[in-house]
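Take this structure first; my questions come after.
Chain naming follows the written order as A, B, C, D, E and F, and within any one chain the residues start at number 1.
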Amino acid sequence: MNLSDPVHAQAADPLAAWRVPREPYYRPSGAEVALFEHAWRHRLPLLLKGPTGSGKTRFVEYMAWRLGRPLITVACNEDTSAADLVGRWLLDAEGTRWHDGPLTLAARHGAICYLDEVVEARQDTTVIIHPLTDDRRVLPLDKRGELVQAHPDFQLVVSYNPGYQSGAKDLKTSTRQRFAALAFHYPAAEVESEIVAHESGIAPDLAAQLVALAQRTRALCEQGLAEGVSTRMLVYAGRLIHDGLDARTSCHMTMTQALTDDPELTEALRALVDASFA
Amino acid sequence: MNLSDPVHAQAADPLAAWRVPREPYYRPSGAEVALFEHAWRHRLPLLLKGPTGSGKTRFVEYMAWRLGRPLITVACNEDTSAADLVGRWLLDAEGTRWHDGPLTLAARHGAICYLDEVVEARQDTTVIIHPLTDDRRVLPLDKRGELVQAHPDFQLVVSYNPGYQSGAKDLKTSTRQRFAALAFHYPAAEVESEIVAHESGIAPDLAAQLVALAQRTRALCEQGLAEGVSTRMLVYAGRLIHDGLDARTSCHMTMTQALTDDPELTEALRALVDASFA
Amino acid sequence: MNLSDPVHAQAADPLAAWRVPREPYYRPSGAEVALFEHAWRHRLPLLLKGPTGSGKTRFVEYMAWRLGRPLITVACNEDTSAADLVGRWLLDAEGTRWHDGPLTLAARHGAICYLDEVVEARQDTTVIIHPLTDDRRVLPLDKRGELVQAHPDFQLVVSYNPGYQSGAKDLKTSTRQRFAALAFHYPAAEVESEIVAHESGIAPDLAAQLVALAQRTRALCEQGLAEGVSTRMLVYAGRLIHDGLDARTSCHMTMTQALTDDPELTEALRALVDASFA
Amino acid sequence: MNLSDPVHAQAADPLAAWRVPREPYYRPSGAEVALFEHAWRHRLPLLLKGPTGSGKTRFVEYMAWRLGRPLITVACNEDTSAADLVGRWLLDAEGTRWHDGPLTLAARHGAICYLDEVVEARQDTTVIIHPLTDDRRVLPLDKRGELVQAHPDFQLVVSYNPGYQSGAKDLKTSTRQRFAALAFHYPAAEVESEIVAHESGIAPDLAAQLVALAQRTRALCEQGLAEGVSTRMLVYAGRLIHDGLDARTSCHMTMTQALTDDPELTEALRALVDASFA
Amino acid sequence: MNLSDPVHAQAADPLAAWRVPREPYYRPSGAEVALFEHAWRHRLPLLLKGPTGSGKTRFVEYMAWRLGRPLITVACNEDTSAADLVGRWLLDAEGTRWHDGPLTLAARHGAICYLDEVVEARQDTTVIIHPLTDDRRVLPLDKRGELVQAHPDFQLVVSYNPGYQSGAKDLKTSTRQRFAALAFHYPAAEVESEIVAHESGIAPDLAAQLVALAQRTRALCEQGLAEGVSTRMLVYAGRLIHDGLDARTSCHMTMTQALTDDPELTEALRALVDASFA
Amino acid sequence: MNLSDPVHAQAADPLAAWRVPREPYYRPSGAEVALFEHAWRHRLPLLLKGPTGSGKTRFVEYMAWRLGRPLITVACNEDTSAADLVGRWLLDAEGTRWHDGPLTLAARHGAICYLDEVVEARQDTTVIIHPLTDDRRVLPLDKRGELVQAHPDFQLVVSYNPGYQSGAKDLKTSTRQRFAALAFHYPAAEVESEIVAHESGIAPDLAAQLVALAQRTRALCEQGLAEGVSTRMLVYAGRLIHDGLDARTSCHMTMTQALTDDPELTEALRALVDASFA
């Protein structure tokens, strides 16, 4: 056995690479931790809905750490096919060898499988999870002729951003009905300030100033901005300020230029930033 | 022979993995059990029509158990091709090896083959079943040069949800005519309450309250909701309540947030839930 | 040689699997048997036109039996490619091996090749038959570098349903002109009754009642029904009745529910059935 | 060397399979034989334009026989790719082996290559012929890293039917300009009668009657018929009549039913046939 | 080493097959030879624009001969992918082997690479040339993990016909800006006559008559003709005349029938030809 | 080990081929060098926005040299898939072997990865970078079953030209929010003159004349020109002039003909050039 080969190194603990080594920093906004635990106890499939940067991914990481389960994350995209999740045959010196995909790995050995932005995936991806999300809890590997019975610790979590889904790209009703759902929003101002200060190292007052600025930008969504400044962008700005860059340049770099290419919206954002740090 | 390899382990009983080990819980709504048995005696291909979560999949599982036949289920999707059903050549240490697909496996060895949401599959999938559904009962494996004569115990069952098929996605007339059909609906209130109570462990009264709420949500379909609350969602809610979560939060999590992203419909659902558990 | 491998077992009589073992039941409606024999004597390519379930497939089976020729049937669909008909290279322990497709098999060894619903196939499929349907009677296997001269007993038969072809999906004029054509319709009432009674085992009177009902449903085509009840559906109904199911339930299962999902058309069919078996 | 393997059997005369063994029957309509020979002497690429069944394919066969050159015909279709013409790598026991496509075979060893219905092919197919049709007369095999200099006896002939090409499917101007062109039409009545009589064995008078009928059907093109009855269809009818079938049934089978599915046009054709053989 | 295998035979001089063996006949129309040499000295990427048959390909061949560099030409088409230019892995008896594509071959060993009709290629083809056309002069072979530094003698030349590009098919601005450009037009009458006489062998007077005719056809472009008669077509006509065919038939064959299928434009061309050779 | 094989030669320093050997000439326009260094210290993903030829690629090369990091550049295009960035399995004499793509190579060993024109890539490409651009800094290789933890020196830089992106082709909001952004414009006149003089060898006065001309062409953008003359085009013109070609011809070749095919815009550019060098 070649220990430097990650494929074989997994033999001892096939999920070793996906264990969450340290407690991720997560500041709850409400009852979401308790609700996740209720769903976990029944292994109810869970759907997290909310805007970009509202902390869904961090929350799942935190819960995986808290529940002591490995976490296998798949960033879904329009080329994500059923085979990418389930696995495929690879050619080897001794012929073909089956390679479990991330969903199969999670179902077989008992991880939380997190499908990020699940509506981006192709339809076959969402249908493949159906038999895993009803009482059967099975995953048919048609190409291998195997019916995987999910491990008792397997749970499926999916997320998406309902804000900018076109009508064409939406979860099928027959898929939605298989999930309990939690809605995410940007945290309340004092919570968000606490997060920004903790993550960037800047003073609480400055963090509060950044959060106030973010809330003003979110009001621009009605004027054509796709999404307002997220918590993550505030952390970026905070880090540059903590590093010695002036606040205005930091915000222009992480917010004004990053959020839009539209000249009018750029100007509006620039004015908001300049007014905040006059 | 490597017994740990599911592909070879099938040699003794190739359908072992697909036998239904225990009687699934199924509460009949009408004469559907007898009608399925009539069709089974003539091996008439059967088409189950009805909304999501109305129990079609559970019914087929139950009938497979009752008739003592293995059940091979395929969740059809827009990437399901004829090869996914019929099989393909795989490359091996000794060259190519034919791998029976789920339909071929069922036809060759005598299982019930259940194609769930069959209209989602590509057209070639639905045409491939034609010679299996007339008096010939054969499955031509063109790529292998073999004509499989179906096992006497083989039966084909397909399902779909006529409620939200677009005109473009419908069974071809030449396919429909090959099936006898059974229509499914949500069960009557007292039957549905019995199911919810049995599956979630809550008291009959509470189950009846949930069913009454579900019926009120189904009326929202005329206001734009794709489908109302299904029996499965009621079972989810019941389980969370049984686990100690309050009824309103349980229903918001499994119904309000899960059913829709539309703000107005969300509000309407929230009001219905709150009124039910005031 | 491994006799259990159908690919090699064909060596002795490569068409053994496609011989029609018993005389299929076929009740002629007119002069079609004689006309097919005229075309056969000149090996004229034959085009059968007619609605679903009007007996085209059974007729070809019968003629193959009558003429003592093997019959290779291909159910065409929108993924049927030239390679599916002509053949392809497969990888083997000793390298690549050519695998004749069904059309090549028929042309090389002298079978009737029946392309069912030929307009469903991709354009390359229909063009590939051109050199087989003029005086050359050759099939070029470009990928193998071989020019197959058709066996003297090879004949090509194709079918399609002109009723529901969109303008886009039609035989190319340059293809049509290569065929003599026979039009099929539902059989006359007394012929159809005889077929239904023979195939289902019910009494002639009851069969006549079912045929009369079918003719009334066919009138609904002008109100939006894609096609009326076919002979095959009457046989299905007859079998359920013969099995002891009451006539109304049998007809609802095999006709009312199977033909349409439209609520108004379902109601109209239900009324016709109920009136027939009041 | 395995003589039963057509790929290796070609080693002695790689074009043996494509030699025209007997003089094909061809009845010239004008100066086309001389004009082809003028083009041949300069190896000018030749474009044959004309309706289906007007004898283009037979003419090329005849000229190949007359000039003593092998003829490699490719029936182009919308899946015909550059690789189908030029060749590809195949996998062998000793690794990959290059397989010349029909165009490469013709260019390398000196055959006439005839691309039938060339506009049906994908664009890359038509561009691949450009360097073969100017003074360089080379065919670059990019995938093999070889530049094939065309054999002195190589000539390229293409055909298409300008009658029913949509605007989208047309030869690119940069392709057209590389060809000298000959236009084909149905032959004059006395020539066509002579052909029909010769090919079917019927008497000259009857052949003339069939030709007169064909001319009347061609007038229906202005009323929506895609194309009128071709010479080939007259030959089919003649053969059935010669076989003993009555003229009206023969014509309905080979013309009325074969030409159209439109009820009104069918009726018009039926009337023309019945009037011709009253 | 197998010298009959062109792939290995290249080892000594990998560009031997692409050297221009003889001086191609090229009659300059202006300063294009000097301008190409200026660009060559700085290895500026060069873009040749002009109508079909105006001599762009011949000019590049002539310049390659004049500069003593091998010329690798790729006729781009809508299926030309980056891999077709850059190369790919091929399977061998000893595993996979990298096969340089034409662009890599030219860049690695120092040839002029000529991408004919470059706008026809897929977008990835045009982007792949970017790093070759700025100061880096590198070609990244991502699939091989190699960064090819272009040979000092490598130059890139591309061409296209701006006349009939749709808006959708145009060079991206970020691609255009990487080229110096030369515009081509049909040569002046006396130059064109000289070319036609030289290439076909006919007398200068007759050549001048053909050129005058060509100029009249080019005026028809405003009435719907895609392009007028090109110099190449005049050479075709001249060769047929030199071979003894009368001038009118020669022109109808190489111009009237070759240029268009439109009946009115055909008639207009026919009249122009007949008037020229009355 | 075969040192001539670039794949194995990388074993010692896997990033050797991507080190920037010499200081690239870069003339800063503002504070961009300091801002890049701020972002680098926090390994913030960086987005460079600006028109073609405004120096984004040169700037990244310069920063890679300045920071002493290897630079792996990918020219994104509409066929760039996740596998092209992340890597794939290749077949070898001993079976399949994993081949790191450019993004994996950079993440694993610590290079700056520069995705040029990132919006051209397919959606799956942009989603694949998400887990690399948040606090996790991981790259999941689903097909290999490995989770690559990014090297501490890894940084991601992407660029695009906001000027001509259609609405359909834009960075997803969830992608944008992961980057700090720097906007690029053409340099100020005196800076641009200095660049042109340095890169082409012409005198500062002449360079200033070229820059003045460029600024006048940029005004034509409002009249339909996609983009004005870029700094790169001025360098091209300067080099031809330095080589002895007259200024007007140099500018017509590198600007007038290269920028557009529109006759009116060509005329306007020609007039501007002629007026500049009267």
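Note that in this section a contact is a pair of C-beta atoms (placed from the backbone, for glycine too) under 8 Å apart; a residue touches a chain by one contact, two chains touch by 3 or more.
What you are looking at is a predicted structure, and each value in this text was computed from that prediction instead of being measured.
Enquirer: Provide the labels of all chains in contact with subunit B and in contact with subunit C.
Expert: The shared contacts of subunit B and subunit C amount to nothing, since no chain touches both.
Enquirer: Using direct touches as single steps, what is the fewest number of steps from subunit A over to subunit E?
Expert: 2
Enquirer: Same or different for subunit D and subunit E, where same means more than half of the interface numbers show up on both copies?
Expert: At the contact between subunit D and subunit E, which are copies of one sequence, the residues are largely different (under half shared).
Enquirer: As a multiple of 5 degrees, what angle does the CA superposition of subunit B onto its copy subunit F give?
Expert: Here the rotation carrying subunit B onto subunit F measures out at 120 degrees.
Enquirer: By mean C-alpha position, what chain is farthest away from subunit B?
Expert: E
Enquirer: Roughly how many whole angstrom separate the Cα centroids of subunit A and subunit B?
Expert: 30
Enquirer: For subunit C and subunit E, let me know how many angstrom lie between their CA-based centres, rounded off.
Expert: It comes to 52 Å between the two C-alpha centres.
Enquirer: For subunit F, which residues are shared contacts with two or more other chains?
Expert: 91, 94
Enquirer: How would one label the connectivity among the chains shown: line, ring, star, complete, or other?
Expert: Shape = ring; chains linked end to end, path closes on itself.
Enquirer: What order results when the ring of chains is traversed from subunit A, passing next through subunit B?
Expert: Read cyclically, starting with subunit A and passing subunit B second, the order is A, B, C, D, E, F.
Enquirer: Please give the residue numbers of subunit D that touch subunit E in the complex, ascending.
Expert: 31, 35, 38-39, 41-42, 44, 47, 49, 81-82, 89, 91, 94-96, 122-124, 126-128, 130-131, 134-136, 140, 142-147, 162, 165, 170, 173-174, 176-183
Enquirer: Which stretch or stretches of subunit A touch subunit F in the complex?
Expert: Interface residues on the subunit A side: 6-7, 10, 17-18, 52-53, 57, 61, 73-80, 84, 90-94, 99-102, 105, 116-117, 120, 161, 164, 226-227, 230, 232-233, 236, 239-240, 243-245, 249, 253-254, 257-259, 261.
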